[in-house]
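By letter and in written order, the chains are A, B, C, D and E; residue numbering begins at 1 in each of them.
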Amino acid sequence: MSNEKKKDINVVGFLCNWCSYAGADMTGLGRNIYPSNIKIIRIPCTGRMDPMMIIEAFHNGADGVLVSGCHPGDCHYSEGNFYWRRRYPHLKSLMEHFGIDKRRFHASWVSASEGKKFAEVVKKVVADVKDWQENG
Amino acid sequence: MLKVAYFPGCSLSSTAKEYDVATRLVCEDLEIDLVEIPEWTCCGATTAHITSELTAAALPAKSLIWAEKHNMPITSPCSACFSRLKMAHLNMEKDPNLKKEVEEVTGETYNGKAEVLHLTRVMLEKYGLENIKAKIKKQLKGLKIACYYGCLMTRPAEVCENDRVENPMIMDNLVSALGAEPIKWYYKTECCGAAFSLTKTEIVRKLSGDILKEAKTCGADLVMVACPLCHSNLDARQPEISKLLKTDLNMPILYFTQVMGLALGYDYMDLMMNKHFIDPKPLLKSKGIL
Amino acid sequence: MARIGVFVCHCGTNIAGVVDVTRVAKYAETLPGVRISVDYKYMCSDPGQNTIIDAVKKYNLDRIVVAACSPRMHEGTFRKTIERAGLNPYLMEMANIREHVSWVHSDDKELATQKAMKVMEMAVAKVRRSEALSKMFASIEKRALVIGGGIAGIQAALDIAGAGYKVVLVEKEPSIGGRMAQLDKTFPTLDCSACILTPKMVAVSQDPNITLMTYAEVVEVCGYVGQFDVKIKQKAKSVNSKCIGCGVCVTKCPNRKSLSEFNEKLAPRKAIYTPFPQAVPNVPVIDRETCTFFKTGKCKICEKVCPTGAIEYTQQDEIIKEKFGAVVVATGFNIYDHSNYGEYGYGEIKDVISSLQFERLINSSGPTDGHVVRPSDHKEVKNVVFIQCVGSRDESKHRPYCSRVCCMYTAKQAMLLKDHYPETQSYVFYIDIRSAGKNYEEFVQKAQNDYGVVYLRGRVSKIYERGDKLIVKGADTLSGAQVEVEADMVVLANGLEPKANAKELAQLFHMSYDQYGFYNELHPKLAPVETAISGVFVAGCCISPKDIPDTVAQASATAAKVCALFSKEKLEVEPLIANVNQLTCSGCETCYNVCPYSAIEMEDKEVRRGDMRHVAKVLESVCKGCGACVGSCYCKAVDLKGFSDRQVMNQIETATTELSTND
Amino acid sequence: MDKELQELIKKLLTEKKAEWAIGYEKAYDEFSTRPAFIIDPADTARLIFNKYCINNLGLYLTKLKKNKLAVVCKGCDIATVFELIREKQFKRENVAIIGVACEGVLDKRTNKLLEKCENCQVKQPKGADFTLGNAKNSEKPKSYADVVEFEKKSSKEKLEFWNRQFEKCIRCYACRNVCPVCYCPDCFALRSMPEYLSKHVDADKNKLFHMIRMQHVFGRCTDCKACDTACPVNIPLSMLTKKLAKDAKELFNYESGADTDARPPLSTYDEGDSESDIM
Amino acid sequence: MKYELQLKNIKEGFRKDVERLSQQKISNCYQCGKCSAGCPVAYAMEYPPTMAMRMIQLGMHDRLMSANTSWFCVSCETCTTRCPREIDIAKVMDTLKIMAQAGKYKLSDNEIPIFDWIFLKSIELTGKIYEIGMIGAYNMLSLNPFKDVFPMGVKMILKGKISFIPHLIYNPIEMIKNIRMFKRIKKKDRERIYEKNA
């Protein structure tokens, strides 16, 4: 991959349907601009987020991965994001051990009304990935 | 023993020498060890921040760095110096870029760990009101005191910390502890005109005049301050103000450490009260404190 | 090979203004399996939908991708469309190129177009692995729960009951009536609030379809639309049903230690009390926190004087379990607590009062019998200052929104004051006057022109006491002048905020709410009383500040929604649920442990001939499709319909590869 | 000890307390042992236990789980058995655990004590039904020094390190096959719908396999080193399994195989869980 | 109406300059007037703070920079503390003064900068304030040599409140360090104000 011409940053975003996907819709309603590098995949809940899918995303060449869900306590299914909140640090630590820089993997809580926050989160993720690409 | 880095500031070595003396006396009595920062430079006072943001941060930074290195809270009895130290600390915390520039021009690094406290807070919070009470030799019974805080120890809200911005109580609590009566008034934090003392004197006369008038109306015997700038505006300018208002205000202005000094048993000359333009002697005599 | 049709919507210029939709459509044609791709001005319009139906028939399509707005907006619409075209509705995917592309990447049209192409390609990749799913149905419990007995809850309950359905109305306070009962008059007609509200309160108590539960709270919610299992805590009133509401106990109670909540703490109230004389139900409750008997074990005067023996000290809080098909949440508002304003005296200056306190003062059944006097010394007032936007439009107090009603009620209060005391003078400090509404602007003009209220444009900087006067330091920005008013009383126009426990209630239902605690509607325009939780509707000020007519309109709207839901025999539910491939299940019980709904059952089953195993099974009627089981199964035996691993993996693969052609 | 062991197993088999017994027997030379599966009480004479008994016999339990079993376990192997019970693979009462005191086992290739045996806390087995022999547990706790050292490397160095390692991998799946908790009826690596893992063998895909396998065994792996020992190309899988153990301990204060009733870290949660890294 | 608004100025850099140097979002101001209401010196200002904010929004630098508004700001921060839009208005006033002194926009009132210049020069040269020299220099330069001499100044000297000897940093190395620091600061300030760094 290193020999290839430097391609644009590619971030895969997994957004839970009830909060973060709706929050991203709200970003649109508020016309808040954010980098187009993120490609969004809708999932019902961060609880559905199989760590395998994230590993697959990195394997497929994603430069960054963002998983975003409801704030703790606000999960549409009560508990899903609590499970995700445990998987995330474990997976991040394991990925780092395999050499996947911590700047490439992020999680956030974005509620359905936090359109602005979603734009900020994406900006931060893209900036982090860029930082990783440029500064190693 | 409580050890505190002491930043006296320029005024305390000249126009407000009595404040410095009273402060050192009181702290000695309370066993608070004031360690004067060697080679301190002026904090930049009311001037630096309207000339250059960087100067305003760089000047106090040297003292902050010293305090941080020696692991002591840093204090100043002068509200202006306190405000500049605190603001420099907060601004560097908020703006890493500014901190970087300050480090470049001073050639030293600052880790943002200095704890900047106004002298009132050192005494009331670090040392403790109860401990002060235990040391009191003379209750200041019958003295009605208007506590005047001014701008610099209360605003912006971040410097105020535990106290309330609009109606601070820290000095009032101290006054009650000393046995005197803090009067209820709402000009505690109005501005005295501060740095306009020399350049826009007419503004100082109006603003300080308003404060003195309000204190008088609310029945104060004297006004207690914690800032040499406020003091010089309220005290040294008072004869002019009296003339302007066509009344004899005759309102003694005392530093809070002087008032504490009285309660701790020091006398008129110990506390250099003769330096004031408005002599507090007749008042204190009439109340039986001297 | 799949036969996929791609339909790209312009959404007027919403999408086409940024994204080159024809390029997106052209690119779609190059993708494997895509037979036809079309772009059209408004895909959701009738002709737009017909384009899809016609194309399905003409090209014999079996899967559809619609690249348009958010699926949260129109997924239902297009599923119905392809159903009409004879396809299984779950063989349709939406590519969100409006909310997620054109509206947020308008800074670079080329990048936006490329992203739109990618997003569409991801949807094509997903739909390729979509499976036909069969519809599922659930039964409906045709009883409604209404939470909150203010005007919104009352209206909703009456409307639903009027349609013949059973309603349980739950109110936290001892009486229904809510905030409206506290008001004196209403703008812009100045008719008496109680006169129009109390008949409705009585109607609630007399309606055979309505069960009224006051002094009660919802504590637990399970289930889903059609089948909500709700636990309601009935707090002990200490007064039983024998009470005839004679009020002797209240009169004789010697304990006056508490302050009346209804009178905004301007007057004391007894330990046994009804909030106000017209309370419904007219049954007092004992406040056990303050009651002398409950605190010391002595007194029992109320028991002695009660003619019917209705006092029952031994009553306990009771948890009542009920089943409901739908819920209306109408929990209302609190006013902003102005003790956060140091410059207005930290709420410690007695004669600086809130707007609701003013309502109680000027109300003839209020604590002063309608005399507007200073709370500090009960003197009558001459100069009164009204300050608007207290806890509204104030970022430093984290209340940046406009509370919508304060401009109007301030004008009303100033007018009422002048009506009662013609010699008074009112000053109103405002920033902007917001008087959009029928006869509203005329009303404000009347206050200024006919009632001589002085309007000054500026926020007040400080209020302080000097002697027995209040000095109000303000400004009039229109003239550039500083203004100092010597006032006898200051009335603050406190903004509206959600109830303190609004978030907890939202979490019981899993409703979403904004940063202040106001509930989010499903769509701000097209579904203003629905929430993301189907079967839960919202009305009134718990969504956002609003006035009485808007609140009543919303309440009736929720009633219509509830009735529409109840008019069906069976409820169609989404079949997007988990399923277990028992052949690959190892029976480790991980999914069984994580399922929030207990929708997984373990069974011992012969999965293949001679292969008896301990395996998991999904209870289809219980599963809500959250996927927690999928995320935790390491054997990859559980999958989620509609979001299957195959679909997600296809999306990932597409998302991470470059566009296949670079035209 | 061998004699005692043989007698005990003979007794269990004759009294029908177990249908199968799993133990060790001598293999082709004196440095080699292999698993022995005994049904007939008469065969018990084959059974031995010595410092070359490196295998984790817990592996075979899932394969014979329909029977009543007796299994010879070193202290460390008991964690595996407990973990499998926790995962409902068989019932506790169906397994007789015969704990044998162990002073550490040797890698026959180097004749050196295995790294895991150095600071062993379970030389004297805990939780067994029968315990044979005596050994003194190490006083020092398990050391993660090498993992900590590795964690200090930059992500680029780590990436390069693993790329080099996985270039060697031939995807023989020995690591998976010897892993006691890799008992999935249908491993993800072999699936085709969806194809989680391409069947091509190259460094990138090999890495994907190991990443997913490691993730799947998180909170379940007892760091028994079976995979590390089995790897024919000497990929330091121990560096990964040890990391899993360390993370489980540090992030969730959890130890696999310690408790048969525990909830593993990822299938439970606490409302106060840390979320410092979440935006 | 006294003057006509130059629409082209709105788009020009004045507001952006102020926003950049003060790090405050001026466009946030919705003109509620709370700053003017509480300002102790607004009575003396040509334009009260509220109007100054509006003038920044509209790019009216010519009028604002030649007005006395910012120079009359006493930095009491009352406005900052109470602003509902969380604008640090006092800092904006500081910024206007900094910009004026750097000569970026036109400047008229020459009174305060002289004092500030002398004040900072005193710190630069001695590390502390040298009152008599400072007051003397100020009175000379502001062409009012006997301002405040009678009776206050004399009384001050008599009471020993003002000393004729400057208080110096005693250590000459520190003094040189101090002077060097000021040089570096001046360079950085110019870079920041004129955006030379970027």
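Definition applied: a contact is a pair of C-beta atoms (placed from the backbone, for glycine too) under 8 Å apart; a residue touches a chain by one contact, two chains touch by 3 or more.
Everything quoted here is computed from the prediction, not taken from an experiment.
Visitor: Tell me, which chains sit next to both chain C and chain D?
Guide: The shared contacts of chain C and chain D, listed by label, come to A.
Visitor: Which chain pair shares more contacting C-beta pairs: B-E, or B-C?
Guide: Output for the comparison: B-E.
Visitor: Give the label of the chain whose average Cα location is farthest from that of chain E.
Guide: That would be chain D.
Visitor: With centres defined as the mean C-alpha position, give me the chain B-chain D separation in Å.
Guide: Here chain B and chain D have centroids separated by 70 Å.
Visitor: What is the distance, in whole Å, between the centres of chain B and chain C, each centre taken as the mean of its C-alpha atoms?
Guide: 51
Visitor: Quick one: chain C and chain E, Cα centre-to-centre, how many Å?
Guide: 50
Visitor: Could you tell me the distance, in whole angstrom, between the mean C-alpha positions of chain A and chain D?
Guide: 34
Visitor: Would you please write down the residue numbers of chain E that are in contact with two or more other chains?
Guide: Correct list: 78.
Visitor: Residues of chain A touching 2+ other chains?
Guide: Chain A, residues with two or more chain partners: 51-52, 56, 73, 79, 83, 87.
Visitor: On chain C, where are the residues touching two or more other chains?
Guide: Chain C, residues with two or more chain partners: 343, 462, 594, 632, 636, 645, 649.
Visitor: Pairs of chains that touch, anyone?
Guide: Result for touching pairs of chains: A-C, A-D, B-C, B-E, C-D, C-E.
Visitor: Touching residues of chain E toward chain B in the complex: what are they?
Guide: These residues of chain E touch chain B: 21, 23, 40-41, 44, 72, 74-78, 80-81, 88, 90, 93-94, 97-98, 101, 111-112, 115-116, 119-120, 122-123, 127-129, 131, 135, 138, 147-148, 151-152, 155-156, 159-163, 167, 169-171, 174, 177-178, 181-182, 184-186, 188-189, 192.
Visitor: Could you pull out which chain D residues touch chain C in their complex?
Guide: 87-89, 183-186, 188, 191, 193-194, 196, 216-217, 220, 263-264, 266-268
Visitor: Report the residues of chain D in contact with chain A in the complex, numbered from low to high.
Guide: On the chain D side, the touching residues are 150-151, 154-163, 188, 196, 204-205, 207-208, 211-212, 214-216, 218-219, 240, 243-244, 247-248, 251-252, 265-271, 273-275, 277-279.
Visitor: Give the list of chain A residues in touch with chain D in this complex.
Guide: Touching chain D: residues 51-52, 55-56, 59, 72-73, 79, 82-83, 85-102, 106-109, 121, 124, 136 of chain A.
Visitor: Would you pull the chain C residues touching chain D in the complex into a rising list?
Guide: Chain C residues touching chain D: 129, 583-590, 593-594, 614, 632, 634-637, 645-646, 649-650.
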